[in-house]
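Only one structure is covered here, and it is reproduced in the block below.
Think of it as A, B and C in the order they're written, each chain with its own count starting at 1.
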Amino acid sequence: MALPEDQRAIEAVLLCAVEPVPPQLLAELLELPVERVTEACEALARGYESDGRGFTLSFVAGGYRYQTHPEMAPFVERFAMEGVSSRLSSAALETLAIVAYKQPVSRAQIAALRGVNVDGVVRLLHQRGYITPVGQAPGPGQPVLYGTTAAFLEKLGLGSLADLPPVEDLLPGGEIMEQLEERLRPSPDA
Amino acid sequence: MAAHVETAVYEGPFDVLLQLISEHKVDIYDVPLAAVIDAFLAELEQRRPIDLEVCSEFLVIAAILVELKSRKLLPGPDEVDDDEELSGFDERDRLLARLYELQAYAAAADTFSLLVERAQRCLPRIAGMEEPFRDMAPDILAGVTAEKLAAAYLLAATPKPVPSLDLFHVTVEAVTVSEAVEELQERLPGEQTVTFRDLTSHCTTRMQVIVRFLALLELCKRGWVTLDQGETFGDLVVTWIAGDLDRSPAVVGSAEEYEG
Amino acid sequence: MALPEDQRAIEAVLLCAVEPVPPQLLAELLELPVERVTEACEALARGYESDGRGFTLSFVAGGYRYQTHPEMAPFVERFAMEGVSSRLSSAALETLAIVAYKQPVSRAQIAALRGVNVDGVVRLLHQRGYITPVGQAPGPGQPVLYGTTAAFLEKLGLGSLADLPPVEDLLPGGEIMEQLEERLRPSPDA
């Protein structure tokens, strides 16, 4: 069973790309509607998965790209480039989570939520390129507002912000919340 | 998050509270704060170097608890003010809402950590084009001059500029303090006493007002005027006390320049 | 029909490698005899051919590598000519500028300044012959250090690196830059 021509062409283009290729660009190159291209990519990705290939076709940071299958990590470790795998502290991750879900958001808003000064963490995340100023709030001081970047999506292996886990799934379970509310309620004699 | 609670490690304000609640099984106002602080200090002793961030987060939550507790312990005013009672509720609600939200972000951070870990296991293809195609690509240096390269370096090496709001409606004006000093020297001897409000009544921008204020301070420093404000936020009264001055441009020019 | 484990591993390694991978290296990574590895590669190559994929597995310059299928040349050509996104070309120019002014410089140092992963871009600039490895830094991992080439000078019409427009006067002082780089260096718990 020979592969359809559009899928072959996508394979060839993605093989020589050095960054995720947006579906729009693929559509232009193949002179096909974007939906057709997206379908073809999904079909290829499913095929690689069911064939059990050592690579996957993934949608990352707004485009399609080939990457190695996570299960093959032990074999490709030595090809991993140096200098990109520095870990983020839990404080940095929590701040990144706040920016991701509340963007655009100011440093003061993050600090108010976390209850601590976040200047250092915000600077670190900005230097790493995971967040970037996206505007300024109106009002006194016109504080800088931050949002997440394509590098952030790439770091998390996400296609777009829509792939972030929904907030509802992250909120504490009802039990914990009930307990909390119970304990924080003023006692009858207060 | 749940794992942290189980390991009895204070990781943040939410954990502390959660632990208090789950361990003591009592009304939060009955939790002995001294015991909590002892437990936290013992925890800190065990993990060195001390994590300042964990410390400060704990202090914040401890402060909120102390405040809530003191509110209950201290006798209030005789007649209970409805507003105050309400603000007490607000405080608790705010704390609750904040903890609720913070818990969600802590959970998100855990998820992020897993995603990053998973993403790191997948290496992207970066080999690029093969030989014949490589040379077909438009030259990335086409039209690039040494100056453009220098500009690109500056762009890359300096902190990224902050995108600003459209400022087309703001006219750039240069108001200098020395000009304002000159203007006030001109006007004040004739009026003797005048309010700052009057002095700035013709100003159309905040910068003009600020510059006039700085000019007044300059005159005050030179001992030419006195400034008097009867009450907080009251009118600032300016009195000229230098008589007729022999104006010298050198003195005028010594004031710093401000641009607005 | 799931792919045998050795073939999966080979797919992963060849996908992320940037140069042809000698059978000996593959054998070493997979802890298999060279003959087994060669057979597995041949089997994969035959499979791609019979599936009619847009890429082939070829033996080139002493090693195996993926390359695009000759029949897909029109799409690849088009991608080569139109596919350089403005994002990529500005990333390439910034990266080249950093190498020009800070050489010898490692990928990690460039990544720290640019705030994003630069592996693909560095590879691209190397392929175009504008930068080249000039040595290795001492210390852990001994990262490769890059510098610009004669082709780079020629392209910009410069006699030597000394002819680059001076930029120091516009940048923060050396001390500040050092501090910045210090902060940017990946730390284990950052």
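FYI, contacts are C-beta pairs under 8 Å (C-beta built on N, C-alpha and C of every residue); 3 or more make two chains touch, one makes a residue touch a chain.
Since this is a predicted model, take the numbers as computed values, not measurements.
S.K.: Per-chain Cα mean versus the mean over all protein Cα atoms: which chain has them closest together?
M.R.: Smallest offset from the overall C-alpha mean is found for A.
S.K.: What chain lies farthest away from chain C once each centre is taken as the mean of the Cα atoms?
M.R.: B
S.K.: Averaging over Cα atoms per chain, report the distance between chain A and chain B in Å.
M.R.: 28
S.K.: What whole-number Å value describes the gap between the mean CA coordinates of chain B and chain C?
M.R.: Result: the chain centres lie 41 Å from each other.
S.K.: In angstrom, rounded to a whole number, how far apart do the mean CA points of chain A and chain C lie?
M.R.: One centre to the other, that is 23 Å.
S.K.: Could you list which residues of chain A touch at least two other chains?
M.R.: Each of 15-18, 55, 66-69, 76, 79, 85, 88, 126, 154 in chain A touches at least two other chains.
S.K.: For chain B, which residues are shared contacts with two or more other chains?
M.R.: 123-130, 133, 160
S.K.: Quick one: in the complex, what on chain C touches chain B?
M.R.: Those in contact with chain B are residues 15-18, 65-68, 73, 76-77, 79-81, 83-84, 89-90, 92-98, 100-101, 113-115, 119-120, 123-125, 127-128, 130, 152, 155-158, 163-167, 170-172, 177.
S.K.: Spell out the part of chain B that touches chain C in their complex, as residue ranges.
M.R.: That would be residues 123-130, 133-134, 136-141, 144-150, 152-158, 160 of chain B.
S.K.: Looking at the complex, which residues from chain B come into contact with chain A?
M.R.: Answer in residue numbers: 11, 13, 17-18, 20-22, 27-29, 53, 56-57, 60-61, 72, 88-89, 92, 95-96, 98-113, 115-116, 118-130, 133, 160, 162-165.
S.K.: Using the touch rule from the top, collect the residues of chain C that touch chain A in their complex.
M.R.: Against chain A, chain C makes touches at 1-3, 7-13, 15-17, 29-30, 51-55, 66-69, 71-72, 75-76, 78-80, 82-83, 85, 87-88, 106-109, 111-112, 114-117, 119-121, 123-124, 141, 143, 183-184, 186-190.
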